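One structure is given below, encoded as C-alpha cells.
By letter and in written order, the chains are A, B, C, D, E, F, G and H; residue numbering begins at 1 in each of them.
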Amino acid sequence: MTDKTDFLNGNVACAEGALAAGCRFFAGYPITPSTEVAERMALRLPKVGGVFIQMEDELASAAAIIGGSWAGARTMTATSGPGFSLMMENIGYATFTETPIVIVNVQRGGPSTGQPTMAAQGDMLQCRYGSHGDYSVIALSPSSVQEMYDLTVKAFNLADRFRTPVFLMTDETIGHMREKITLHSNVEIIPRRELKEGELPCAPDENGVPGFGTFGMGHNVHITGLTHNEKGYPATDSAEIHEKLVRRQVRKIEDFRNEIADVDIVNPDAELVFISYGAPTRTVRQLLNDNPDTYGHLNLRIVWPFPDESLLAFKNAKAFIIPEMNLGQIAKEVRQHTNIPIVVVPKLGGALHTPAELLKAVEVAKTVKKPVTEVRL
Amino acid sequence: MTDKTDFLNGNVACAEGALAAGCRFFAGYPITPSTEVAERMALRLPKVGGVFIQMEDELASAAAIIGGSWAGARTMTATSGPGFSLMMENIGYATFTETPIVIVNVQRGGPSTGQPTMAAQGDMLQCRYGSHGDYSVIALSPSSVQEMYDLTVKAFNLADRFRTPVFLMTDETIGHMREKITLHSNVEIIPRRELKEGELPCAPDENGVPGFGTFGMGHNVHITGLTHNEKGYPATDSAEIHEKLVRRQVRKIEDFRNEIADVDIVNPDAELVFISYGAPTRTVRQLLNDNPDTYGHLNLRIVWPFPDESLLAFKNAKAFIIPEMNLGQIAKEVRQHTNIPIVVVPKLGGALHTPAELLKAVEVAKTVKKPVTEVRL
Amino acid sequence: MNLEDWYRQDRLPHIYCAGCGNGTILNCTLRAVEELDYKKEETTFISGIGCSSRAAGYTSSDSLHTTHGRALAFATGLKLVKPRQHVIVFTGDGDCSAIGGNHFIHACRRNIDITVICMNNNIYGMTGGQGSPCTPYGAISTTTPYGMQEQPFDLCKVAEAAGANYVARWTSFHVKELTEAIRVGLETPGLSFIEVMTQCPTSFGSKNKMRQVTQMLDMFRDNAVLKAKADRDAAKGILPSPEKFVVGQFVRRNNPPLGVEAAK
Amino acid sequence: MNLEDWYRQDRLPHIYCAGCGNGTILNCTLRAVEELDYKKEETTFISGIGCSSRAAGYTSSDSLHTTHGRALAFATGLKLVKPRQHVIVFTGDGDCSAIGGNHFIHACRRNIDITVICMNNNIYGMTGGQGSPCTPYGAISTTTPYGMQEQPFDLCKVAEAAGANYVARWTSFHVKELTEAIRVGLETPGLSFIEVMTQCPTSFGSKNKMRQVTQMLDMFRDNAVLKAKADRDAAKGILPSPEKFVVGQFVRRNNPPLGVEAAK
Amino acid sequence: MKSEIRFSGLGGQGIITAAVILGRAAALYGGKHVVQTQSYGPEARGGASASAVIISDDPIYYPKVTDPDVYAIMSQEAYNKYGSHVKNDAVMLLDPGYVTSRPACRFFEVPATAEAKSQLGKTVFANVIMLGGILEATGIVSYDALEHAVLDSVPKGTEENNKRALAIGQELVRSQL
Amino acid sequence: MKSEIRFSGLGGQGIITAAVILGRAAALYGGKHVVQTQSYGPEARGGASASAVIISDDPIYYPKVTDPDVYAIMSQEAYNKYGSHVKNDAVMLLDPGYVTSRPACRFFEVPATAEAKSQLGKTVFANVIMLGGILEATGIVSYDALEHAVLDSVPKGTEENNKRALAIGQELVRSQL
Amino acid sequence: MKLVVNERRCKGCNMCTKVCPYGIFQEGKRPGSRGYIIPVLDHPERCTNCRLQKLYGRQLCGMCQMICPDQAISWIDEKPFEPQKVVIEY
Amino acid sequence: MKLVVNERRCKGCNMCTKVCPYGIFQEGKRPGSRGYIIPVLDHPERCTNCRLQKLYGRQLCGMCQMICPDQAISWIDEKPFEPQKVVIEY
C-alpha cells in the first residue's frame, strides 16, 4: 500500500487519522462544527471492522469510549464546547482510572450555545481545568489539515503511552477548511502496555504508568473512580493513598512535559517572539514569511502539558506576543513561567487574526513594559 | 424579631443563610458532603412559602434554578465535585444569559468519585474555567460556620447585583463542622434591578448590567444562550456582537474585582505573607495567634474575581506562602499578578494543614528565590 | 388578542427551510393559545436546542431558549416558582428523547403541569441530518449511511409509561386535530405530551426518497391511522404494516399533577 | 467454578449494613452466573455509584465501577467492542432511574445485549436516605420530610415501553425466583431488565416504620402479587391495593438486539 | 482553658449526637467557644463513627482535635483506632459491653448500652448515659447547660427518659470516683 | 501566482460543492497549493451560503480570502454581501436569473440555473455550469484537472450530464468573451 | 376580506396548494424578490373565508393559513373581487 | 456436610432465621468479636443440605445461604453430628 493524497477538510482528516491509528470504536453525539468527524467515522468504521455508535448525549459518548477502551480498542469521540462541558465528569473518571481515550474538540464560539458555526479557541483552560479535583492532561492543537491527521495519530499514541485522555483541541477554522493531505499507508503505532502477570493493576512502572488490564483477558481487574490502592481497590479514607495516587497521575504527565513537547522554534534570537497554536499559527507564519528573520515564533502542537522550557530558547526575547481566539487563555499559562512582558492579542467572534492585526500587536510589543498588556484590535 | 444563636454545621448554616436572603426555590441532587444543605432546605422551604425539589440529576438542578430565577425567585443549588462537573454546561448558560443563581460546592476529594467524605479545595480552577468559552465568575469561600451563613447572604446579593451565577466554594471541613452562629433577624438584601419600560432586555446600564426581565411581568423578553443582540435576539454570525457581548460580561465583573474584594489584610508590613481561603485560613489564624506580629496574612473571602490589588498591600513581602487543599490552584493565579516568590503548600487527602506544617513552609519561605516553590509536607 | 399578535413580528420570517413543518406546528400551538384566550403575561414558552426549539424565539410572550435537551428541567423550575404561568415547551425528537430523555421521563413521572410539543421529524435537522432515537429502522441519515440499525422510540408509549396525564400524536398535516389536541393538552392538569410528526425536507426527506415537501405531507396523510381504527384492527388481530403509525389521543387521565396553583 | 469463586474474597466482608438486601441479590446473580457456567474472562460486571453499585467490587472477574448513573453507557461501549462478553450491570433505583434514566431508556431502546440488575430499595442509601424516583408516594426520606409528593416510576413499565426484550421484577425475599429470572435474562438476547425490590434498613426502613430488617422481608413476602394473579384480578376488575406490587416476568420477546456477536 | 473530647464507636450508637449535644451545651448554654467535627468512613452507612468537640474560653482557630483530654469510647474497633495512644493525663469513659481493652490513663467503665436497655428499655439512650458520665467525670459543662442541650436535641416524649439517662451516667461514674 | 475565488449564493445551489471541486482540481490535479474555506449563516440549513478557494504556487499560510480575484455569485443577497465592493481587476460570473445588480469589474452573465433546467432537466447542474464558466473566464486550472475533480465528486450515473454542464458553462462565457 | 400571500415571508413550499378545498393556491412559476417561487391564486374570491368571515364574525376554513409554515397567508379587510396581485418580479 | 456461620462475615441481620424451613437458625443473644449478634444453630443436623448434599452430589435447599446478605453461611466437609459451635465470645 502506498500513501494517498486527497483534498479533505480537517474534520474528515481527523477521522482518517484515527482510522490509520487503529481506532475501531467511535461513540459520539452530533454538534456543529465537529459533526463531520462522526459522519466520516459512521461511513468508514463498518468497512474496517470497527463500530460506530451515536449515543444519546455527550455524557454517554464519553462513557462509551471509556468502556470501549477497557475492552481493548482505541476509541475516540468528537464534540464542541457544549458537548465538551457535558463530558467533564467522565473526563475526570478517565483521568483517574487512567483510561486511554482521544477526545476531539472542534472549538466554536462560546460561552453556552454562543456561535455554533464560528471558530474559537475558548475551551483551552476548560480542557486543562474543567473537571473537579487536581489532574493533568495532554492536549494537541493542529494548524493544518495535514496536522489534523498526524496529530490525531499522535494523540492515540500518547493516550496509550501515558494512559490518559488526550485532547485534540482544534477549531472550526481548521476543522472546516480543506487542504491537500497525505494519508499515510503506515503510521507509527505505540500500543498501550498490557498488564503483566503478577503485576498489580494500579501499580506504576518506572514511568509512573501501570500496565493496562484489558477486560476479558483474565486479569480480573477492578476499576473504580474512587480513590484506590495499587490493587485497584477503593481506599476512600486514606489521605496517604489519595495523595500518592493523585500526585503520581499528575507527575506521570508533568515530568514529561518537556520531553513530549512538540513545538516549532523559529528565529530563537529574535526580540519579539510570537507564541501561537492552532489557526492563529497560520497568520503568524504568514507574517514570518512576509518579514523573514524579523520575529521569533514558538508554535505549540502540544499545548498541555505546557512546554515551559521552550520559552527559554528565546534568549533575547523582549516580549512574547500571543494571538489567541479567546481572551488570552494560554497567555495566562505563559505568564506563570516567565517575567518577560507578554502582549495578549485576543480575538473573538470567529474571524482569524489578520497579518495586519498582528503588526499592530508588534507595535505595542516594541515598547511594552508591564508584565501583561492586552492589544485591542 | 431578634437575632438567634444556634449551634449548627456549615451546611445547615448555608441553608439558613439562603432562607434569610430570601431564597425561595432550591433544586438539588444529593451528594456527599453537601447533602445537608438540601435536606435543610427540604425541611424549611415549605414552611416559608418556598419550594424544594429534588431533581433527577445535577444538570436538571442547575437548569431548574435558572428557570426559577427567571420566574423571579432567588434560587440556589448545592453539590460537590462530580455534580459540579455535570453543571458546567448550564453554568455557562447562566453566565451568558446573565441569570442570578447561587451554586454551593462543598468540595471533596477528587478527581472523579475520589474520596466522597474527605475535604478538599480541588475545584477552584474548575469554578473559574470549567465551562466552555470565555467568561468570569464570582466565587466566595467561607472559613467558619458564621461565614457560611453570611457569605451565602452575600452570594445572593452579588448574584442579583451582577446578574451572574455566584459560587460558594466551600469544603467538607467547613460544611460538616459545627460552631456557634448568629442567625440574623434582618439581613441586607440588594435585589436585582427589574427591567424598566422601554429598556432593551440585554442592553447594559452604567454598570454593564442589563435590567432583569422577570417572566410573567409583561416584558415579553426572549432569553437565549445563543449570542444575542441588545434586544436579546440571536446574532449567531456577527463577530462584532459576539465580541461586544462577551467582553461586556467579563468586564461587568472584572472591572469591579477590587471594589468587591472581600479580604482580611493582617500585618501588611510583614515579610512572609500567607494567602489563604476557606479551611486553611483557620490554621493560618492559629499560627498568627500563636506568633503575633510575625507573619502577614491575606485571607480571601471572595476568591473570584481575584482581588489582585490586595497583594500590593504587603509592601515588604519577600514571599507569599499559600496553603491549599489542592496542588496549588490559587497560587497559579497569584503568580500571574506578582513576581514575588511564591511558596505553594499543597495538601491532599482530606486533612487540614496543621500549624506545624505551616511552620515548615515558613522555613522554606525564608530563603526562597525561585518564582514558585512547592513544599512537600 | 388575535393570532398574529402571538408571533414576535420583528423576527419573522423565521429561519426554517422552505416547507419545514415546524412553522405549521407553531401556527397550531398559537392558535390553541389564542382560542383559550391566554394572556401574554401568563404564558411562557420554553425550548431546548434544535430547529424545532427555535420556535420559542418567534412567540411574542416571554420565552426561554435553553440548552440542548434540558428545556423541561428549566421549565420545571419556572413552573414551580410561578404555578400560575401556562408553560409550553417546544422540543424536537433529538432534544426531547436523545439528550433530553431523562428530563422527559421525569417531567412525565412528576406529571408537572406543562404542555410539551415535540416536533418529531425523525432526524437532527439543525446539525444537518444525523439519525435520532426516532429515526425509523433502516432510514438513511448522515450518521446511518447504511440505514438505521437501532429500534426507534415510541415517544407516546414512553410518556404514558412514565406517567403523563395527557398523551397524543398528530402530524403537521392534521392541523385542525393538532390544534384541538394542544388545546386539550393545555387544559389538562399535569403533563401533556403532544408528539407531532413533521417533515424536515432538507435533512430527512432528501435522503429518504421524499425530495418534494409535499411528498412528505402525502406520506403523513396516507400512513396515519386513527387510534380508534388501530384499536379495532388490533382487536381483530390485524397487524399494522410497518410504515403506518397511529395518531390520536392515547391517554387522558387524572393522576395528581405537580405545580398547579391549588396543589401548592 | 463454584459460587464462592465468583466473590472477590479479599474484599469480603463487604461494606453493606447489617441486613442490607444487596448482598442477597449479589448471591442470586452469582448463582445464576455459576449455573450458566460462564467463564471469568468472558464475564464483566459494570456498575454506577451507590450502595448497590458497590456490588461490582465484590465479584471476582473484570469489573468497572463507573460514574453515577452512567453504567449502561460505559457498558454499551464495552459490549460493542467485545460482543462476546457477558455484561451484567448492577445499579440502584437512583443510579438507574434518577441520574441514569436516559441511559436506561436508551439501552432498552437499542435492546443491547446486557443484563441489568436494579436493586430498588426505594431510596438513596449511599448518601444517607434521600428520596428517589422510586420512593413511594407519601414515604418519608431526608428530602421528603413531609412525605413524598411525586409519583414513583414503575421501572418495569418504562423498560418495556422503551423496548427491552426481557423485563421481570422480584424481591430480595424471592431468592429462587430471582436467581431463575437472572438466568433467563442472561440467556435472552437483547436487554434484560430485572428489578429487585430490596430492603435498606438503614435509610428506608428506619424512617418508614420498619425498624427491623425482618419486617421489610415480611413486607415483601406479603405485598408481592404474582403477575398471573394480578392479571386474573385485573380481568375480574379487582383493583390492587396500593401497598401491593406485582412480581414476575412482564415481557420476554425477540426484538432485534444490538451488540450480539452474530449481529456484528 | 481548652478541652478536647473525642467520642467514638459504631454507627448507630449515637456517637455524633452525643458530641453535638455536648458542643451545644457548651456553646449555647455555657458561653464557650466550641467546634464540633466528625470523621466518616467510606461513603456508606455503618462501620466506625467518631466525633470530636473542642471547648475553649478563647476563639478556636485550628478546628481539628489533636490530642484529646477526654475520650468516650463505645466499641473495641474505635478503641483500637483512637484509644490506644492516649496521653497520660487524659480521662476515658468506655462501655465495657463493647470494649475489652483498658487504657493507661484514668478511666471509667460506663456500661451505657446495657444500662440503657435494662433501666430505660431502649439502647438509644446509651449516648446520653455517656454524656452524664462525662459530666460527672470532668465537669466540663454545667448540668443545667447539658440538660438544656439534651432536651433541645431529643424527640418529644423522650424528655424524662433522657433526663434519667443523664442521671444514670452520672451515677455510674460517681460510683467509681 | 495566487488567486482567490469566492462562490456565493443560496443554500441548496451547490455553492460549497463547486468550491470544493475547484479546490480539488487545483490541489490534486493541478499541483497547486490550495485552501478552501466556507462560511455559515446561523446553525440551521438554508439561507446564504459562501465558500472561497485560494490557489497558489507557494504554500498558503493565512487561509482566509481577503480580496478575491474571481467571483461566482448566484443570488442577489449574496451579491449585496460580497459582490458590491469588488476590486476593479476582478472577474465576476453571475447568474442573471437571481442577480439583478451588475458590478464595476469585468463580468459574465451565466444563467446557470435556467440552462441546467432547460438543457439538462435539473437545476442541480447549475454549479458545475458555473465551474465551466470560471474555467473559460480565468483558465485557473486545466480542463482535464477540473473534469477529473468533477467526476471524483458527483454521484455515479451523472458523469455525462456533468461533463455537458462544464461545456455549457464554458460556452456561455466564451460567447461573451 | 381578501386573501393575500406575504411575499416577504412565503418560501414557496406549496403546502397551501395541498390543502385548499377549492384549489385556490396553485404552484407558482417564477421566483419572487427573495428567490422563492410564490404560489399564484386561482380565483381567490371563491375562498370560504374571504366570503363568509365577515358574515359569521369569525374565521372559517383557514386550512391554508394554518398549514402555511411561514405565516405568509392572511386576509386583509378588502373586497376580494379581483384576483390577488402577487407581485412577481424577475 | 456441616453448616457453619462465618463470624467474620455475619452481621447478625437474622434473615436466615426467616427462611429455614426447619427453624435451624435462631436469633442469637450476645455480640460476637465484631460486635454483631450471631445467630445460633438449633440442631443443624436436621438441615436438608447437610444431610443430602453428598447423596445427591449437588446443593439442596440452600435458602439460608442464598438469602444471607453477608455470604456468611456455608457448608464444610465434615459430619454435622454435634451442634455447630458458633464461637460466642464476650
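The rule is simple: a residue touches a chain if its C-beta (ideal position, glycine included) is under 8 Å from a C-beta of that chain, and two chains touch if they have at least 3 such contacts.
Please read all numbers here as calculations on a predicted model, not as lab measurements.
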{"item": "Set of chains adjacent to chain B and to chain H", "value": "D, E"}
{"item": "Touching both chain C and chain H (chains)", "value": "D"}
{"item": "Least hop count linking chain A to chain H through chains in contact", "value": "2"}
{"item": "Contact-richer chain pair (by C-beta pairs counted) among B-E and B-C", "value": "B-C"}
{"item": "Inter-chain centre distance, chain C versus chain E - centres from mean C-alpha coordinates, in Å", "value": "61"}
{"item": "Chain A and chain B, separation of their C-alpha mean positions in angstrom", "value": "29"}
{"item": "Chain F and chain H: spacing of chain centres that average the CA atoms, whole Å", "value": "85"}
{"item": "Contacts with two or more other chains, residues of chain G listed in rising order", "value": "none"}
{"item": "Multi-chain contact sites of chain F, meaning residues that touch two or more partners", "value": "39-43"}
{"item": "Junction residues of chain C, two or more chains touched", "value": "16-18, 49, 67, 98-99, 101-102, 106, 126-128, 133"}
{"item": "Interface residues, chain C side, partner chain G - complex", "value": "4, 7, 12-14, 16-24, 26-28, 31, 172-173, 175-176, 179, 201, 213-214, 217-218"}
{"item": "Sites on chain H touched by chain E in the complex", "value": "31, 34-35"}
{"item": "Chain C residues within the chain D interface of the complex", "value": "98-102, 105-106, 109-111, 133, 149-154, 157-158, 160-163, 255-256, 258"}
{"item": "Contact footprint of chain H on chain E as seen in their complex", "value": "10, 75-77, 97-98"}
{"item": "Residues of chain A touching chain F in the complex", "value": "5-7, 9, 32, 116-118, 173, 176-180, 279, 282-283, 285-286, 289, 351-352, 354-355"}
